[in-house]
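Note that the chains take the letters A, B, C and D in the order they are written out, and that residue 1 is the start of every chain.
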């Protein structure tokens, strides 16, 4: 059996096992912010967090990553790899989906090996959650995860369900056999109740069935113009999005060492410079075009390229938009006409 | 999980063999790539060229595929990287290259057909690769017509080659200028837009392929006139230029809809191009 | 009537020159010319919210930006009666010492020291005094690091707010600072010996009045509840205008400060003259080694006085950090600030002397009126009178020597012209070379 | 390659950016070794009249003498860098206060302001109003790291490439919760040049806009935001104007 039931204390045992295999990161509250940070014990982690400011993509596609170092004339090298494996503890299903989407994208055509190497080295522990008023993962089919984790933890009050999602996770679960057991009938009922409660707690939802088709027809919609006027194009939504992975590359010389680093920095398709080419031509000069592009890429382009949208409904872009724009109401406005 | 191949961000070395000024802003650079086996590419593909310590930028290969590992770029001076190349690159200097990347022109499909080239300005550079390739086996294709438009006579790059080909009669050139004159040139020329020539070109639209490289504005008129002439969507190919930071479909800058210019292009058949939002 | 001009004073902050007026063989007057453009800060402040006052006034001067920001914050807190948690007070003191270390190191080693070796700059001094140069560089760096850790940035702090600080530094950062301070303190005797070798030339001797803040506390004060003069008079802060009575001088529209109709001096030397007895520890020893018992007769002693204070600030900041590391430092900000109609004064000893900020606010906390009096504005009259004495004793036939002497005297004051000119401007006279 | 000739010039300013040069304590000797510092009055005696490869110009033009210096330096320099927010955007001295320039002169100097007129005292302006600027290094003061990167690039014969994003990006990369959405504060982050690592929001106080406006905002300042959910743009712009009023005047946002 891939699922085990145990009292909450098992998390401590699990944690100490994990910390023997690598550096453990988990959700830590600091003031109003929750961030994935190194954990020294399970008590550092906030298990009932809503969402971290940055998604776990920061572990695989670090902001400001050095791709190459140029030394003398015609000499360059790749930075040394960190050998230590990392353990990401307490990722919600939406973030697991986010990592999966990025992994599929990064593996396509020419694989992005720096990303994929880091991904391969990570051991991932998922964690169940309840939605708040900004979550719409259920609408995106991301409220549960079938893959993308080694172990998934569901918190059920005084019991904890542990589910293995990889051979390594399975081996680890078996090592905990002394403290864990087969789920009982009662455990199953609790799980069912938890699922019911979770599903009932969503206040935000969006019907995406016909979205790609609607988007095809609504390219000229007034909505884009209005959004363009409202959006700061500050890029917050892209930076915090678990699936936004655009980057810019610049070479940064160091005065002290004389070396130059080639650095990739998180970019956003909302910036004016994004589609600017030599000669000053800009393929998306207007804000409205750029705002529209972001939505189209996520909900239509990605579907055409990879079979599903590249939005997991985590609500981060809603919670961090200083202009108060939210995806759900944008799409609602577009689809409403068709629903009637 | 996917197998992770070599790090695609690490360039291999290329040595600058020679440079030749083509116009006040354009220079032809000849390189030899080093290491990692033979260097083969399809005309229309591009490489990312690193000037160590300064930056990286994509350039179309401007020479025909060859056995000896050499290749040429025709580079226009517009910003940091190109500026540095123009000012400081010397024979023997070591640069970095990544690629070749992307989809090139369908050279196989051209066999036995008439080929119509339409170039605006520096758009000549990637088309030259196709042209030189076809000229190696001139008999394999039918009529070769080349409509070439520039603003002023000094911008007419590869002038000697053009003259030679025109004189030999292997390529029929039509040259358009926005201002200035071309004295004593062995090819027809006139003032106006390069697309003005399209109706006059003798090509059998049923059995011809048109290849277009130029600024976005050129594409719109050119395609319209090609349609008028009877060209079909699937026989018109154009190269789209976008900003690129990676060349391998990751950085996002060149994405049009779900397609990445660097992976699925830069050469697109016309039908694919129109399905891409904002393409032309 | 002849005239000798130094177009642009080098190695001082801002744009200024010196003009010596000569009648026959006799020097009649020396003017300190200030030709920095006006920035009208006092006018710009009108209508701004109290919360913006510190970040605006810090831009009066890049070198004592922390001092301006703090002084403005004091004035806001005075006006609205805002309490400040003890930890924040300690951290602010640390910031003051950080600025003092940075600014004194900059002036002592980078700007003044080259004169004593006849060099153009600290960069040209490496061969003559390598120990002094490297000590200067690393002390300056430490001062910046303190300001960066406490103030959020080495220049123009971003971590101050009425009621305390925005956010406390981490214990790790404080420990980093402490270990650097301890290293420097171990090195003080050695550097002092090097400084001792540099002879202070006899360029002028005169009697002068000194002014500094003072307090009833036993510590050597940078803030205080009273203004004290070397003549022994004391005034409450509220009467700062009696000291800094600004007047318009006939030959210039620059406002100069006079006390009882006479020029006076503020700065490190003034503080040592007035509060020097309160120095303890190493600073006291260094003072005995580097300064005569009565150092008041020449402004050139201001350089060494700065070095003494530098040592004091090192010792004090190490002590403050130890206190911080032993206590809970999480509370650095008192609750909400409630603006009310009224006025407030901030006074602070910044590296170059006493700084006063005075604001009147309306009921919403917007500035109605503002007044900023900087140390250099207070010193200007004294600089001119010292320059005159110096020129009178100088060999006028040797222009280079006169220039050298005058520059040394002016520089000893560590004048900060940008500061002085946030409001004042002096008429430009005659031809000028720079 | 011979050493590039550089000069540091201060117009009317707080000297904070020039101080940041001296604040590169660890690199100072190397700078002096790799560049010929021809003029830097704040730190080095002597005056230089010859040509320069690069001139770093700090401060605003506040009177005719500033203008003369600026024009002279421009003539002698291949590359002129606007060094700091004052030079680039006007900075605090050209702030749009609720004041009348002439009345302010009177307030500060009394009735006799004739001498100021004679000197050509003028409303403070950024340097691009008078001369061509080749490169902008924003910041109040400039960031030490960016200054050193600039020197490193100049040593290679090029200008540096700084990827200027809205400050929000750096704020989010530091994983701060947004002060607009969570605290209702007026934060200039969305409109401000990145490069400081989001110093202020990372400490907990809103960005004051000291690094000046993004290029786009310059030209396209018509964004309006939900007043109920977020922050009205005008409020942010009003705060931005503390550091870059003249830039907003150009973009048509004055008086709003």
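Here is the rule we go by: a residue touches a chain if its C-beta (ideal position, glycine included) is under 8 Å from a C-beta of that chain, and two chains touch if they have at least 3 such contacts.
What you are looking at is a predicted structure, and each value in this text was computed from that prediction instead of being measured.
The chain with its Cα centroid farthest from the Cα centroid of chain B is C. More C-beta pairs in contact connect the chains of C-D than those of the other pair, out of C-D and B-D. Centre-to-centre spacing of chain C and chain D amounts to 25 Å, using the average Cα coordinate of each chain.
In whole angstrom, the spacing between the mean C-alpha positions of chain B and chain D is 42. We define each chain's centre as the mean of its Cα atoms; on that basis chain A and chain C are separated by 52 Å.
A separation of 37 Å divides the Cα centre of chain A from that of chain D.
For chain A, residues touching at least two other chains, in rising order: 248, 250-251, 253, 260, 267.
Listed for chain D are residues 26, 156, 161, 204, each touching two or more other chains. According to the touch criterion at the top of this document, the contacting chain pairs are A-B, A-D, B-D, C-D. By the touch criterion given at the top, residues 10-20, 22-23, 25-26, 28-29, 32, 37, 40-47, 60-63, 65-66, 91-93, 95, 97-99, 103-105, 107-110, 112, 115-116, 119, 121, 124, 140-141, 144, 199-200, 203-205, 208, 210, 242 of chain D touch chain C in their complex. Put simply, chain A touches chain D in their complex at residues 31-33, 35, 52-54, 63-64, 229-236, 239-240, 248, 250-256, 258, 260, 265-268, 271-273, 287, 319-325. Residue ranges of chain B in contact with chain A, taken from their complex: 1-11, 13, 50, 52-56, 76, 78-79, 93-96, 101, 215-216, 241-243, 245-246, 248-253, 255, 257-260, 263, 277-278.
Here chain D touches chain A in the complex through residues 26-27, 30-31, 148-149, 151-153, 155-156, 160-166, 168-169, 172-173, 175-178, 180-182, 187, 189-191, 204, 215-216, 220, 222-226, 228-231, 233, going by the rule given at the top. In the complex of the two chains, the chain D residues touching chain B come out as 156-159, 161.
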